[in-house]
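One chain, chain A, links the two complexes that follow: it is found with chain B in the first and with chain C in the second.
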Partner chain A sequence: MIAILALASAAPFLARAYSVEVLILFMINLILVCSYRIPTMTGDWSLSHVVMMGVGAYATALLSKWWDLSILLTVPLSAVVAALVGFILVTPLIRTRGFGFFIASFALGEFVRLCWVKFRDPFGGPRGMIGIPSGELGGIDFFEPVPYYFFVLVFAFASLLVMYRIDRSRIGRTFKAIYTDAELAESVGIDVPRYRALAFATGAFFAGIAGSLLAHRLGAVDPKNFDVTTMVYLIIWIVVGGTSTFWGPIFGLTVMSVVFEWSRPLLEWRPLLFGGILIFFLVFLPGGLESLFGKIRERFFARKPPAKGSPGSSAT
Partner chain B sequence: MALLEVRALVKRFGGLVAVNDVDLDVEAGEIRGIIGPNGAGKTTLFNLISGALKPTSGTIRFDGKTVSGRKPSQIARAGLVRTFQRNAMFPTYSVLDNVMLARHTQKKANLFKAILGTDRKDEERNLLRAREIIGFLDLSEFADELARNLSHGHQRILGIANALAVEPKLIMLDEPVAGMNPTETAMVTGHLRRLRDEWNMTVILVEHDMRTVMETCDYISVLNFGEKLMEGDPGQVSRDRRVIEAYLGSEEIDL
Partner chain C sequence: MLIQTIANSVVAGSVYAIIAVGLAMAFGVMKMANFAHGEFFMAGAYVVYVFYALLGWPFPAAVLMAVPIVGAMGIATERLIFRPTRDNVMAGFMATAGLAFILQVLVGQTWGVGLMRSVPTPYMGAMDIFGAKIGWQRVLVLPSAVLMLSALWFFLYRVKAGKALRACAQDPEMARLQGIRINRMTMLAMAISGASAGLAGALMAPIHPVTPYMGHGVILTAFIIVVMGGMESIAGAVLAAFLLGIVHTFVTTLSDAVTAQMVGVACMALVLIVRPQGLLGRVKA
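Our next item is the complex of A and B:
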């Protein structure tokens, strides 16, 4: 992990300015894709997660334009706003499960997005808002990519650390228990709706951080940035990587970011390529790239048979 | 006052009255059997008490508190825990982790504590208790085995272990010996008696297997067509004309 941090710290000095911009976006996406995994841990696949990111971005735009708050305040406050909006949205969604949740979350997400489009004041209407300050800290202007890179790096590292802790904690295991068997979880006293709401709001919180960091970088928010097309990219990352471990989404994002950069010459054919990749993974590797590790381990390091197993029932 | 008091409980599904005006008193420390032919309303009664279904009318009081209309998780936290007819467990977790998962309600999980890792003390206490429960049910040698690799009988016992993990006062079992061979059945009934005698647990047993019910239960309530036909100890029930008639034609009574 120290090696990764060292590499990440050295990266902006080794790379060209354009690449630093790509790395900044990569880390923002890293927060986003890891945050999306939290509600999926309980089995809730939401189609409104990028809208939660948008809530963070719009909150940042409003906070910094109205009150001229420091970037140190806008990022966490936007995250809190996103978590609150997430909590409000998920309250009716909790009544649905599976495909119903998927579609209902899309509808509610579109409702929020259309609010931005319809209300020119304060959201700027279909063209969004511009003139968001890139922020500065102690005299360092974050308009320059390298300082902002380090600012994002700190937030990405902290966010991922916290999300990793959640994954490992008993709350993370409770989320997975709900996914495994919601009825059993309820019967052993786990308040399933409450934990599903907690997972959704926590995911929205970190998506809000990602959205806020993005808004400061782009200097503008556009409702089109948070529509279903972006959501499909998020789903491709997470399907390619897999969701059963913390590392899956990170892996998927990394691979797909490389593919994304390489496929720039393809221009308008690129969505076709990405669609093809999505279908390929859904059909041939539904567990994502992370499931390959398990398969490789099984093939080459044949697991020693369970020491005792469960003896034939009559033997006991 | 009885630990579980069911009063004038009614459940209608459209025009069908599945449970009709049932009263039930279960005293602390007894093993209560609930039997009846197919379609007698046993499972509906079970689901009403555990909170999976909401009663049309009537009340259920547990440990002095009204629990009817509450969510299953709330009822479980109040100390009334159910098991399932299917082999309900967390199949990709080890036996020990299953019980640990089920113990998560013991201390209210706190997101910030969990992130900081300051709930380690609770976790250690949970682990000790989980091992104790597994040991009590003779599952210790499978503690690190994945639940899905267990035999059918052990999976059912794991279901009981998961229920005990919640530290219930009353445990309600839905056909715990279904599909078991006689050895496994004896194992389960042995555990149930020891639960009553050593842990002073109250047990409600909804069961098809007559022999198990007659041998294990202190007191038996018989349901028929959604109504309570009679109550009594195993001797009274097995001699009762109405019970024998209710079973004839639907199922052989095997005593």
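Our next item is the complex of A and C:
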């Protein structure tokens, strides 16, 4: 853990300016992909998570342009706004489950996104908003990539730490219990709809942090950045990594970011590659890369399995 | 003005119905949720573009070509994506999102991304109904929809294979015990589903901007209709399609297209809250 943090702190001094930008985006995506895992823990795959990120970004744009708030205030406030919007959206969504939730969240997310397109005032209409200040803290201008990288690093580390604690806490185990068997969870006294709403709003909170950090970096928000295409990329990260452990999404994002950078020369053909990867993983490796570790461990490091475990007989 | 809007609503409803019926049908049989349905619509439009605008075939022939070509794409999707992911609805849905990416890139790289392809309207002029003017191309959509829906109805309720398809939608296990081959039925459902999306795209090609990304707008509308209608219910999909056609057209006329989409989504949210199983959906046993 400390080694990773040390490496992350040293990274901007080893890399070129362009790479620091890439690292900043990677850190923001890291918060996003981990926050997406929280609602999926209860079995609710949402298609509006990127829109929640957008809510954070738009909140930041409005807060910093209208009231000229400090970046230390805009980031947490945007997260709270995103959590509130998430809570409002999830109230009707709770009535659906599984695939219905997926589709309904798609539609409601699109509703929010269309609001940004429709209302030129205050959201700027189809072209979005520009001129969001990149923020400064104690005389350090965050327009420079390296200071902003550290700012993002602090937020990413704190967010990941909190999300890790949630994963391990009683609440996190409750989420997983709902996923495993919602009826059983209900029968032992868990208020399933409330916990599902809580999971969704918590995910939206951290997505809001990611959106806010993104808006400060780009200096602009555009409704097109938060459409379903972006959502599919988020799904690719999480499908490639897997969702059953905390590390799965992080691993998936890391691998796919490398693939993304490496495939830069392919340009327009890139969505084809990513679509192909998505199909490949869903068809051949539905557990994601993290399930590979389990399989490898099983094959090479496990003690002799019980005699009945002939190859191919039991699929786990 | 009012008659004009009503006439436009009916035309819009017919297009929505052709598209949504295919989606509802695939979902009814073994829960195949096709995110690339909008891209199938796009493929149908491009078939017309290639055969009619580039090769100079007569328009009806080009439309008829779209049906088997996109139907074959449906079969391929069933075989390569839905069959391996059959135990998980979401996996199939997400994988077809990947398919949507692939189709967009393939079409975009073959025929260009930038400007929309123009498909000239084969039928000039407009029809006059009580003072409402509707282009012949749009008028054509209505009989096509009626023809297609009645053919589908005949197939599902009068032909043996269609009855087997319904049986499979109701209870796959029982259907299999009766000697119905599930794999053949899912293939059939996806063929019909693809063919209907292709037909809709082909009919709309002259009046809809033909771009690789034209499926985006379609897929949201189609899913709103299917959710409102009750996911698996074909009759529900038709009903919801015409309702949404009316709502969209009226709101578009009174305000603008973005508001119309928003109202459509709000309608869906309302249905989900008041009646989660959809307008004509069955209550899950």
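As a convention for this text, the second predicted complex is superposed on the first by the 302 of 316 C-alpha atoms of A that agree within 3 Å, B and C clash if a C-alpha of one lies under 4 Å from a C-alpha of the other, contacts with A are read in each partner's own complex, and residues count from 1 in each chain.
Keep this in mind: a contact is a pair of C-beta atoms (placed from the backbone, for glycine too) under 8 Å apart; a residue touches a chain by one contact, two chains touch by 3 or more.
The shown structure was predicted, so the numbers you read here are calculated from the model rather than taken from an experiment.
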Touching partner for A:232 - first (chain B), second (chain C), both, neither: second
Chain B versus chain C as contact partner of A:174, first or second or both or neither: first
Which of chain B and chain C A:294 touches, first, second, both or neither: neither
Chain B versus chain C as contact partner of A:122, first or second or both or neither: neither
Partner chain in contact with A:104 - chain B first, chain C second, else both or neither: second
A:184 touches, of chain B and chain C: first, second, both or neither? first
Which of chain B and chain C A:131 touches, first, second, both or neither: neither
Set of chain A residues, in rising order, touched by both chain B and chain C: none
Footprint of chain B on chain A - complex, ascending: 162, 165-166, 169-174, 177, 180-181, 183-184, 186-192, 198, 202, 306, 308-314, 316
Parts of chain B lying in touch with chain A, wherever the complex brings them together: 50, 71-74, 76-77, 81-84, 88-93, 97, 100-102, 104-105, 109, 111, 114-117, 119, 123, 141-142, 145-146, 149-154, 162-163, 165-166, 180-181, 183-184, 187
Partner chain A, residues of chain C touching it in the complex: 31, 33, 80-81, 84-85, 88-95, 97-102, 104-106, 108-109, 113, 216, 220, 223-224, 227, 231, 256, 258-259, 261-262, 265-266, 268-269, 272-273, 276
Chain C partner contacts - residues on chain A that touch it in the complex: 45, 92, 95-96, 98-100, 102-104, 106-108, 110-111, 114-115, 117-118, 227-228, 232, 235-236, 239, 268-269, 271-272, 274-279, 282-284, 286
